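All remarks here apply to the structure that follows.
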Amino acid sequence: MSWLGAFSQLLAMLMALLLAPLLTGWVNQWRARLQNKSAPGLLQPYRMLHKLFNKESVMADRASPLYRTAPYIIFSCMLLACAIIPTLSTDLPLSPAADAIALVGLFALARVFISLAAMDVGTAFGSLGARREMLVGFLAEPALLMVLFCASMITRSTSLTAIVENLAHREFAIYPSLLLAGVAFTMVSLAENARVPVDNPDTHLELTMIHEAMILEYSARHLALLEWAASLKLFAYSCAGLALFFPWGVAEAHSPLALLLALPVLLFKLAIGGFLLALIETLSAKMRVFRVPEFLGTAFLLAVLGLLVNVLLGVG
Amino acid sequence: MTPFLHPTTWVHLDWVLVVVVAWLLIGVLGVAALRRFRFVAVVLFPMGAFFSVLLLAVSLSAVFSAPETAVLPLGLPQLPFHLRLDSLSAFFLVLIGGVSAGVSTFAAGYFRQGEGTPPGLICLEYHVFLASIALVVMADDAYLFMVVWETMALSSFFLVVANHRIPEIRQAGYVYMLVAHIGALGILLCFGLLQANTGDYTFANMRQQHLTPFWGSVAFVLAVFGFGAKAGILPLHAWLPEAHPAAPSPFSALMSGVMLKIALYGILRVSFDLLQEHIWWWGVLLMGLGLVTALFGVVFSTVQVEMKRLLAYSSIENIGLICTGFGLSLLFLAYDMKALSALALTAAMYHMLAHAFFKSLLFCSTGAVMHATGERSLGKLGGLMRYMPWVAWPTLIGVLACAGLPPFGGFIAEWLLLQSFLFTTGVPSSFLDMLVPVMAALIALIAALSGYTMVKYFGVIFLGQPREENLAHAHDAGPWERLGMVWLVLGCVILGLMPSQVIALIDPTTNLLAGAGLAHTLADSGWLLVPVSIERASYAPAIFLLGVLASMGLAFLLVRKLYHGRLRRVPPWDCGFPWQTVRMQDTAEGFGQPIRQIFEPFFRMKRQLPGAFDAQPSYKVTVEDPLWYALYLPVARLVERVSRIVGLLQQGRIAVYLMYSFVTLIVVLLVVKR
Amino acid sequence: MIVKYAPQLINLFATLILLLSFAMISQRRIVTLINLFMLQGAALVAASFLLGYVTDNHELYVSGALTLVLKVIFIPWMLHRVIRKLNVRWDVETLLNVPTTMLVGIGLVILAFSLALPVSRLSDALAGGSLGIALACILLSFMMMITRSKAVPQVIGFLSMENGLIFAATAVTNGMPMIVEFGVALDVLVGVLILGVFMFQIREKFDTLDIHNLEALKED
Amino acid sequence: MLRILGKIQRIGIITEPVPARDEPALSEVGAQLKARIGERFGGSLAIREVDAGSCNGCELEIQMLGNPYYSIERFGVHFVASPRFADLLLVTGPVSRHMQAALLGTYAAMPEPRLVIAVGHCGADGGEFGTSYASCGAVANVIPVDAVIRGCPPTPLALMRGILEAIGQR
């Protein structure tokens, strides 16, 4: 592990921490614009986090220690996820510790903990949210895994850095299986980040909530951590998608100059991605909860289809 | 024949025999102190646990040493018992020792006065069971194997029906006995084929025989049938969800954690070791059976409303996954891809170890919960985390491991299995090539569903509010129970954090069975788990855990430093509806409902909905196993009809019976004369 | 440049066509169904133009143009007109529910691929690899015809099956003889016209397009 | 879908720009509001709205705050789904007996620092309904109130002024 490696690792984590709320702000801004409103400032998420950290935390009297620690666990899971996804450079010392499958495992771990925390206080909506979250999860995880497998079948590797290096720096080729995988990935990341059409991030009606219903009980710093974790998750998904489907511009190992060059490229790609997300959210309507398994099942099957096409066309 | 008289020259096998004898002696002592249950609990069971640890230590070193054989001058004349301790047996002895140590310790605190069978007798059955499984994995001829196999079946049967006062439990034990015997029949026939008319039933001889593909396949199918019946592979799973809840919890733990693995040992021994040639469709058959079993098990476990049934179905799922690993490895072996075969086999055996530990841990926790609350239905539990933390936190570890989440054992097993699937291209058959991704997808789906199940299990039992008043007086686990559970937790953690070391333990076995191992790739990668090569895939649970913990601590410190830790406790936010009751939490049925809706064709459901004008509207839904009605009951009816016909012979008059034997005599004489 | 990437591009179009077939069997709204069909035709056109350019085989241009005129412009326009005239903008009911249909679809794809794999390993054509995909498309649209209970979706299923056929021909043998192309095109045109009239007739008779009613026509 | 996009394109941003020509009040109130929120709530104010038995006139006006014309979100104000997230409680209507417990619970569930604003004549003093067997009258009779926004119903601008004043005091 070189000093440059350690540096780029730290840089990646710091950048994730700082950029994640910005991405959320960007998406919100575009959603407002697409609703013909003028939007809140880009930095609004930071302001909210700052305020929440300052407030006094209010907690249900029968909340257990698990409930108090869950936000920290979830937050650090998401941070680690951002750390192993090659955003700027593929020279990440942490990445051998966890490959694509472990990435899915990380998301699953976070999901299990937030669901358990939601069930802990024992309110009606908390457990309802937990059930729905697990419902989304048990279809979204395999779909995500299959999407990642499409890439790793092409590159014969499940280590994310190896995948990106392969895709980015071998001579350009078109992989039809990635088309299917891309569609599947978009659907999965909409569901996983609690976006329309699966879940509405700013609904007030408890009966239609999924993610919100689970955190209804949280306040102040714990809520702030959860919100931050949510935007980290969005960031992680966006970066994973960009790394898989538009890997160009990610710095190769041992080249500090490319590292500097990679940042603007990433920002540009993220900006486009955020805009598209807002567009999708504006154009689609939220679906009934029991349409969600159908939606995610479709994503799962498309990803499997991608694998099959991969085997058929024998690319890579 | 090893010299028993000079302990200095003893080899591992002798030590294992010492443990076996010790267990039998403990059993006898138990009978001697039939009703003195305090003595049985705090003296005999801990002694058993001590010898389990001894067994663990011995077999850990035996894994790496050369095979040892012994011939005991017991059994029938001219038919002495052959014993053999190779790395495969040693691996399973490690499993037995490790798990039984924890479970026996737990059992020391578990058994109470006045439950059906007297404690002394339970102690006897328990330790006879342990001794018999230890001998099963060491048996080196069909006779000894069948003898100890049946001993295992019988002792476990008696343990299942420990509370024989309750009719349902007797029923369950009966079903279990029945399936066990049908299975044993299959095994017997299989051995009959394997010895190929040489009349020599030692395994050594069987290894020499080269069966034709047809008879080899028949033997393989018989073995899968026979051992599968004991392991709970579809469609012979029906006894499992009946017997596990019936048995006392420590023994459910042993059954699920150890006995099922012994059945899988049988499959391994026959299909990898005794049968020399392998045919590709054996692997496909095993994989198909495994996947179907796993999917069936996990879908059913999500909709269960009774703790131990839920765990039992989840065991079916895990057995299915392990069989899938066997099948894949067998397929590769048939195509002579040794490295990949070793990888798949390693994944399966890792899964066996992991499942043995976390599942027995979970069964122990259900035992503790049932003692504390007297309740086994999820619908009447809840909120126990506040009253019994010593049970809740270990269970949380077990749950995470069972859900296949990093950084625990279950995840590593699934990780390896997925790896071996992922790099399966270039199997000569195009159809298989197409099937492989689909199978990988199924495995991913099953793993995710098991996460769903485990969240339901932990959330409904330990979190939320108590659904009944009396739960508030639930007492925490006693010292022995805590000790046992902590031991099992340690097992889970070690399996999760030290994969390279554990795989080094599995390596001799894969070398024995698949002719290859992962050790050489692992040796130079230290804490990093690298099955094939660093470019392809790597995973380091220790670093993983460290990363999570470090960022957790950092986040905590920063929040406290930069801001504050003020906290105010208030009543929970009830969405402005002050009349919320505990009954408004999600019930077990409610939590399983989405799965019930999605996988509707799997179930045989009876739903009773309230009408518009009912005075007391009631909602009831029962989910049943369609196979029970489609397969078991018809067979039962057939048997009944046949036996009624046979029953016609019975007249109840001596003269008639004498006439039967007379006629038989005449017929025999005629036959002999010709 | 484009010649270099031609096989990959053709595979890409093939995958697109497959994706659209899946979208069609999972689609409930009839208008969207027609639009998807239009897209599929467009992908097919692009594929055949590309192939024609690479193997400079001008017949492919002609067949591409035919597909463009018929499948991308005329027939969708006519179908839109039909549903506007008959005002049948209902959501399509399927006989099987959508997830089951998709599962069966995956099964069909596996079958088609495993059948086509040996062939495509032999085939020396530019895009032999996509034979399996074309086969899969044919099977999928066949299934769509089976599982839909209304007339318009069945017509669309029939047409997209024909898409699959043409694509198979284009991909594997770089195009059928011209006369066959014309024949097929004419067939389709006439077929659709007749089906259009047919739909009006059904409508007149039963004032619905639910073809269950045809069961009442048998005499007994 | 394309139709929607076209519409979005056609309409464009119709929010009152800051600074605006035709209605200076809104823009300057907005500017002040933003400034005060910046000082007291770190730039983000979360509002929980409770209908304690109003005729929904006030709700309609409060809705208006979020529409493209006023778009109060641009000043850092947003409405939230749970009092746990909220800094400010907007209560409308004479508190009916049935809503009393809910209102108390909501207030108890809010983390400090927290503000309460009674909206509309009814919220201020019970309005037409006054205090009776069915209504507790003014919000102040149930929970401590920091500010009152009169009007039946108050216009969105009045609401913004009220919020501003509520944050301003103390």
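First chain written, first letter: the chains are A, B, C and D, and each begins at residue 1.
What we mean here is this: a residue touches a chain if its C-beta (ideal position, glycine included) is under 8 Å from a C-beta of that chain, and two chains touch if they have at least 3 such contacts.
The structure presented is a predicted model; accordingly, all values stated were derived computationally and were not measured.
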Required minimum of steps from chain A to chain C, each step between chains that touch: 1
Centrality ranking, top chain (CA atoms only): A
A-B or B-D, whichever has more C-beta pairs in contact: A-B
Farthest chain (mean CA position) relative to chain D: B
Geometric centre distance via CA averages, chain B-chain A, whole Å: 36
Gap in Å, rounded to a whole number, between the CA centres of chain D and chain B: 60
Distance between the centres, which are taken as Cα means, of chain C and chain B, whole angstrom: 51
Inter-centroid spacing, chain D versus chain A (mean Cα positions, whole Å): 33
Multi-partner residues of chain B (at least 2 other chains): 433-434, 438, 568, 570-571, 573-574
Contacts with two or more other chains, residues of chain A listed in rising order: 54, 56-58, 206, 216-217, 293, 304, 308, 311-312
Sites on chain C at which at least two other chains make contact: 106, 110, 113, 117
Touching chain combinations (by label order): A-B, A-C, A-D, B-C, B-D
Residues of chain B defined as touching chain C within the complex: 430-431, 433-435, 438
Residues on chain C engaged by chain A in the complex (per definition of touch): 5, 8-9, 11-12, 14-16, 18-19, 22, 26, 98-99, 102-103, 105-106, 109-110, 113, 116-117, 120, 129-130, 132-133
Chain D partner contacts - residues on chain A that touch it in the complex: 32-41, 43-44, 47-48, 50-51, 54-58, 202-204, 206, 209, 212, 216-220, 223, 282-283
Complex contact set, residues of chain C against chain B: 106, 110, 113-114, 117-118
Touching residues (chain side chain D, partner chain B) in the complex: 50, 82-84, 99, 101-103, 105-106, 108-109, 111-112
